[in-house]
């Protein structure tokens, strides 16, 4: 498998906690989104770049596995890993790490597809611009 | 002052609470929004109705005054009152009532303006369709 | 497989849409939560009931599969199905149905575990109160 | 008036936009919260510091005035200004600046009070620890 990755630190918002005193489970999808945006900036494939090429990439599947909790005030790091695949899909894996407790808080995965901005149809093969982008990256073999 | 009003019951979501065990203060703006939508349905001025007339009505001011807290599991009612004004503004007041504790949880206010969908410019006088709508309503003098 | 189910209608909030004009993908977890709460009320197993028995039931896994989009103003129904299992887990499946377009918007799944309120340890066998509750239900064989 | 201030940059999340393509108005309260937390870190008065002193500081009033919109992908800066007052209140003002359009997006204000953690009663005079903290700061006269 070929992979590209990045990591970001997240400041947990008070509004993201719930009455159990921990980050509400659904807010991890926001942290995943933060991770994807940071990945996009680092590697030059931001949403708006993709949009300019005539595509948007809606999420068709997302998955979160919770391992431990995050309390307000704890430091969090999200590791985002893009997997290279033949299919016209963007597949990210995530690891949410609680830097304060030194524990994995969650792992996750999202799958995105390419849709044409004009007619909102699914692209069955990878857009050319994306393949060019893929070929320029320095993928890590794992 | 001439007024129109409606009330709705809100089910507090677990995700709306925070680590203090109460509804996070910013989520009251969602309850206000629920109230406005309910008002729109009752009186035939939903966002989409207004949009079809060529306008959208962004919020230019919002205000929340918190009086007591809402815990998860408590029953909440939002009272929404539209004030009639000469200006081309939509001014709503809100009362969030905690039915479980029998206390006012919050009061609030929002001001919306009319903007033209096409050129995104501010309407300085009330759109005709809105004046017609106003004239059909059975306003309560208070 | 034995199952219990309920359905609820959801009013999509404007604040739940995103810049693509559709419900932001992560907000489906809020709809799932709405569904679980409605299920809890219908069958007498609300969060607070469970809490009074000395347990809370954190989500350890959640999964959403998106099939089509939901626009603001569209009517949505969530079907929530509890699966009966031997393990000390609460496993729900979800179907989010767009009543306006007559299409499945998403399917999903969550897994919850039982944790002891006092010492925050995982319960490896089903709590007695829950087994009693299970035995009283009129499960549908599917 | 004596003031202390700080500024932070905000990355607008896709999930914070709405179907109008701009940041949903209620999300500004999250940006204000981000600003307060940053202020707390800079000046040594984080929520958890205050909590350890036996107080929490719920928001009793919040206000947002919208001047222009923020689109996804635009850079945002929040300026947070603490006003010094005799009353036992924490009064912050906010300016949300859209760095991309070079326009003020919003201004705002929040008022917090001191509540005793133990008995959840309102403190009518400033807690001693807070007065000590105030006296150590290098306030700017404006």
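When the chains are written out, they are named A, B, C and D in that same order, and each has its own residue count from 1.
As a working rule, contacts are C-beta pairs under 8 Å (C-beta built on N, C-alpha and C of every residue); 3 or more make two chains touch, one makes a residue touch a chain.
Since the model is a prediction, treat every value here as computed from it, not as a measurement.
Shared contact partners of chain A and chain B, listed by label: C, D. A comparison of the A-D and B-D interfaces places the larger number of contacting C-beta pairs at B-D. In this assembly, D is the chain whose CA centroid lies farthest from the centroid of chain C. Chain B and chain D have CA centres that are 24 Å apart.
Look at where the CA atoms of chain C average out and do the same for chain D: the two points lie 35 Å apart.
Each chain gets one centre point, the mean of its Cα atoms, and the points for chain A and chain D are 29 Å apart. Annotation for chain A: residues touching 2 or more other chains are 14-15, 26-27, 29-30, 33, 72. The touching residues of chain D, when paired with chain A in their complex, are 11, 13-15, 29-30, 33-34, 37, 46-48, 72-73.
Across the complex, chain D is touched by residues 14-15, 17-19, 21-22, 24, 26-27, 71-72 of chain C. Those residues of chain D whose C-beta lies close enough to touch chain B in the complex are 20, 25-27, 29-30, 33, 56, 58-66, 69.
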